[in-house]
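Two complexes are shown next, each including chain A; its partner changes from chain B in the first to chain C in the second.
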Partner chain A sequence: MKSTPYYWPAWILLGLVGLTSLLFGAGTLELRQAFAVLAGQGTEEARFIVLELRLPRLAIGLVTGLALGVAGALLQTLTRNPLAEPGLLGVSAGSAFAVSLAILAGASTATLTTLVSQAGALAGCGLVILATRIQGVGQDPVRLVLAGATLSALLMSLTSLIMLIDQRAADEIRFWITGSIAGKNWEQLTTTLPTLVISGFIVIAVAKPLASLALGERVARGLGHRPGLVQLGVVIAVALLTGSATALAGPLMFVGLVVPFVARALGGADIRKTLWLCLPLGPAMIIAADTLSRLLVAPSEMPLGVITALLGAPVLLVIIRTRRIPTL
Partner chain B sequence: MNQFVTVPSTLRLDAPLSACNLTMAHGHHTVLSELDIALPAGRVTAIVGPNGCGKSTLLNGLARIHKPRHGSVVLNGADIQTLPARQVAQKLALLPQDNSAPEGLTVTDLIRFGRHPHQGWLSQWSDDDQRAVEQALAAADIEALADRALDTLSGGQRQRAWVAMSIAQETPLLLLDEPTSALDLGHQVEVFELIRTLAGRGKTIAMVVHDLPSACRYADNVVAMCGGEIIGAGAPADVITTELIETLYGITCDLMQDPASGSPVLLNIRRMQR
Partner chain C sequence: MSTTPARTYWHLQAQQRQFSLLIEKRALIVNLLLAALLVFCSLASLAFGTLTIPLSGLMQTLLGNGSGMHDFVVTELRWPRLLAGGLTGAALALAGCLMQTLARNRLATPGIIGIDNAATAFAVASVVGTGISIAPPAMALTGAAIATALAFGLSGATGTRGYRFIIAGLAIGAISGAITQVMLSSVALDDANAAYPWTVGSLNARTDGSVQALAAGLALGYPLALALKRALVTLQLPEPVTISLGIHPGRVRLAGLVLSILLTGLAVAVAGPIGLVALLAPEMARTLSRPGTVPLTAAALTGAILMVISDLAGRLILAPLEIPVGIVTALAGSPYLLWILLRKSSDINQ
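So, the complex of A and B:
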């Protein structure tokens, strides 16, 4: 299923983008010295900048990009809607609200956020599933998204309310909500690893039945799959992945929409090909955006969330204009 | 309520798939009530009847897609609801009607889906799978189209590709829901002849068919349904009578025997004077 001519080029692209992110930005450092560090030498200061400032950002960019790309691909296939986005399940809004509550209660963005935002993501997603289950429409992806959009709107306004109440919280939340992978450390990365591993297993288990669901629910059942179980698995995986990504980088819009879109344009409509392509493409987008965010207004930085949108929009436009996008 | 021919009970003993006292409902609306049916082994059974008579619901029940309200479906002697979905899919293939596939999916891609019931979570593509796909391509006579995208094929070719997916499932039983709907006459014959070929190789087949003459021509066994009940079952020449056609469709006609095949032919069809 990896058999698309774009698979290896996508990984090479990620490699180049990753290398660039180690060589440029986040701390002033001459290119020659950055190379020296990569070769295992370099001054103390150069080593600090490359290995302690830039490398964790690269790693976090890798993980968030992977999570958002895969989550987006899963959700778009499940809902058969190429415009579906992980944020639609109430996941981003749930974690944003949870983080806001925590900040209101006295936490700062540097502490606490990882677990809080994951808990919020799961709670948000759980509420959406519960709402559809109570109505007895739990297996209808369209209603799932509708319920998600409703809950998202509700939680967003509650978050705004918190920002109105407390000025300090408002500043912290505003910073967090634009999204950033700067100033994070390895510890924050490791707290998300268990959920990432769990969702990885879920994705492996559901990929094949999810692909067959694209042929229709009756066909999938006829092939011995259990669509209800697959849908539940997908929703949980999307919540876990988006929750982890949001915990690490804030609610980054657009990545979960654009990356699977590009992957599908390159590899065709089969979810397994899309997923394989999302693995390198998601991280490539975030890391490229992050590198740009350091370079554009150096020595200060642009918010990452702004760059992903600025980078994603033209890519999406070019793809839409030049290629036929397979329908889902 | 079986006012015409009942299913002979001797048939049921060696039937690989049968239903007993089957009642199925959508919400509060009962679609099938206390229905008995048995598919004779190695034969083609056509299920006919007017729109909304419960043909597709019956097929869904037989294929374990939907759960019966009462009664049971018996697959090789076991209640189908007690069997795991995957095990059922190894014995029984279902081809629903009006299927659609993602754009760009090739014929081979589609047929490979038929191997899912035989694969584990992580199992790689095996030699058995490869052989099954090649045989399915050959059986459906679409080897030349193997790498074409489904959306570039004619209706008949596309339907043969879907049937090939079911063939690759390598099940002794095959259930088809209106396999020829929306196909022109030439493509209909193409698909029906493929179904006959499969029965000739020992598959037990049941198909929902709208076109009564085709059902008579290509099936060994006709099951006539009306209002959620079976009102006739048996060989076409025995079952299809002008009275049955009146009950099913509210039309009168004359019946003749096709000199070539011996199957009933409908002539002089007109609306019944009420």
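So, the complex of A and C:
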């Protein structure tokens, strides 16, 4: 299923973006020194900057992008809605709110957040699925997204209320809430790995039934799949993936929209091709946005969520502007 | 909302003779009641807070012979704030009512389609002073005008009815919000703190100049909106009918849009983006009024009441902490918006 001509170029793109993110940054490190580190030598300071500061960011960006891209593609196929995106539909806001509650209750962003965040994402996903069951909402892609955006806004207001109540919570949440992959360490990454592996298996298991589900529930049933089970699997996978990404990088909007959109444009409507293409494209988008966020206002730094919004909102406009929004 | 047959309300609205004045009974009663409610809420807003002033004390102060402490709290702290809140609410509600009517879409309010956010981005730009040092009201107006032009310009192919127009506005709002963040993160902390209240919607960051500009704008915009009212009512009819009544729909829309931009921009310059007042107030006013009318006065009064109550609630609920009024209105308004969107037979076109 990798038979799209763009598959390997997409990985090469990711490689280039990753290399750029290691070589460029806000610090005063010279390009030559950064190269030297990559070649296995270089000064101690250079090694620290590249290997201790930039490499973890690269890894977190890789995982976050992977998770968000795949979650977006899955959610869009499940709701048959090209605009369904975890960030827009309130799934990310759900996990952000859950994490804020946990922090208010005494947890710290360094511990426990992955599980809490995934639970919040699951609740958000459940609400989305409930909304699609309402007659008229499920059939109208745009209305579902508006409802999701409203839910997002509501949850974000509640989160800012929590930040008002508790100063300590506010300090913990403030930087994370705008989306950032800075200042994370390897431990936070490893806490999300088990769930990522689980969701990886789920995705492999549901990819094929999901492709036949795209032809309609009856066809899928006729082909021997069980739509209810597949949908449940997809919801869990989306919740696990979005929850992990949000715990790592905060609620990032538009990544799950842009990445599958580009993947579909390159590889066609088959969900399996889309998923394969999302693997390199998701990380490429996050890492490129992260590199930009370091360079644009250097030596200070911009929230990653801002860059993804600036890249993603125009894509949303483009999709909306086409006369007919094709249902998936 | 226009479930009433079009002919009924046109007949009622018609002027009999050249100089006859048609006062509608229900509108008059509703507006008087709303005005009384506004006065009541205002008194409550003046009386309650960190320092509770008893009614007798408040009366003394209002009559000009209260104690020094009460005088200071009421006239120096609470009255300017009350004025700013009431004016902002009225302006936003009026702008929302106008825009809903001319776009024939009940979700098309300045806040939802991103005009608030764009105005905020421009106001923040002038505060953090990224090389542009124009007064916030002027900048907010520019931002509102640009965003409106974008939203309506982009709606060319799909029209302003239906949900797509709203989503396009959502994207504009997201871009503006991101630009605001970029500016806040690229300046010194003090400047960012100075501009922060704008980004959440609060009455704490108001300046006297911007409140005066808003008052002037409202004094100018409200009569103009009333003058437009008859033409606006006909916009709810099918376009050929409107034209056959001798009204130029394009011109009416443009005039309404300009007024709406003016009011939104000036209100945002005072208090930042105040979530959903522009949606809630006209909706409530419409429920109170006779179907098929464009209840401009009732909407403005309701908007002012909502703002005053929300600000009071924001000051009292977590006292001594203060919840920004924008967060209060967003919390109160979003469930209602969700309800509109998720009902089975949701018709947002009017």
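Quick note on the criterion: the second predicted complex is superposed on the first by the 245 of 328 C-alpha atoms of A that agree within 3 Å, B and C clash if a C-alpha of one lies under 4 Å from a C-alpha of the other, contacts with A are read in each partner's own complex, and residues count from 1 in each chain.
As a working rule, contacts are C-beta pairs under 8 Å (C-beta built on N, C-alpha and C of every residue); 3 or more make two chains touch, one makes a residue touch a chain.
This structure is a prediction, so every number in the text was calculated from the model and none was measured.
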{"item": "Contacts of A:Lys208 with chain B and chain C, given as first, second, both or neither", "value": "first"}
{"item": "Partner chain in contact with A:Leu295 - chain B first, chain C second, else both or neither", "value": "neither"}
{"item": "First, second, both or neither for A:Gly222, with chain B first and chain C second", "value": "first"}
{"item": "First, second, both or neither for A:Leu316, with chain B first and chain C second", "value": "second"}
{"item": "Contacts of A:Leu232 with chain B and chain C, given as first, second, both or neither", "value": "neither"}
{"item": "Most chain A residues touched (candidates chain B, chain C)", "value": "C"}
{"item": "Chain B versus chain C as contact partner of A:Ala153, first or second or both or neither", "value": "second"}
{"item": "Which of chain B and chain C A:Leu51 touches, first, second, both or neither", "value": "neither"}
{"item": "Partner chain(s) touched by A:Leu164 [first = chain B, second = chain C, both, neither]", "value": "second"}
{"item": "In the complex, chain A residues that touch chain B", "value": "204-205, 208-209, 211-212, 214-216, 218-219, 221-226, 268-270, 324, 326-328"}
{"item": "Residues on chain A engaged by chain C in the complex (per definition of touch)", "value": "83, 131, 134-137, 140, 142-143, 145-147, 149-151, 153-154, 157-158, 160-161, 164-165, 178, 253-254, 296-297, 300-303, 305-307, 309-310, 312-314, 316-317, 320-321, 323"}
{"item": "Complex contacts: residues of chain B adjacent to chain A", "value": "60, 63-65, 84-90, 93-96, 99-105, 109-110, 113-114, 116-117, 119, 121-122, 169"}
{"item": "Interfacial residue positions of chain C with respect to chain A in the complex", "value": "107, 154, 157-158, 162-164, 166-168, 170-172, 174-175, 177-179, 181-182, 185-186, 200, 275, 318, 321, 323, 327, 330-331, 334-335, 337-338, 341-342, 344-346"}
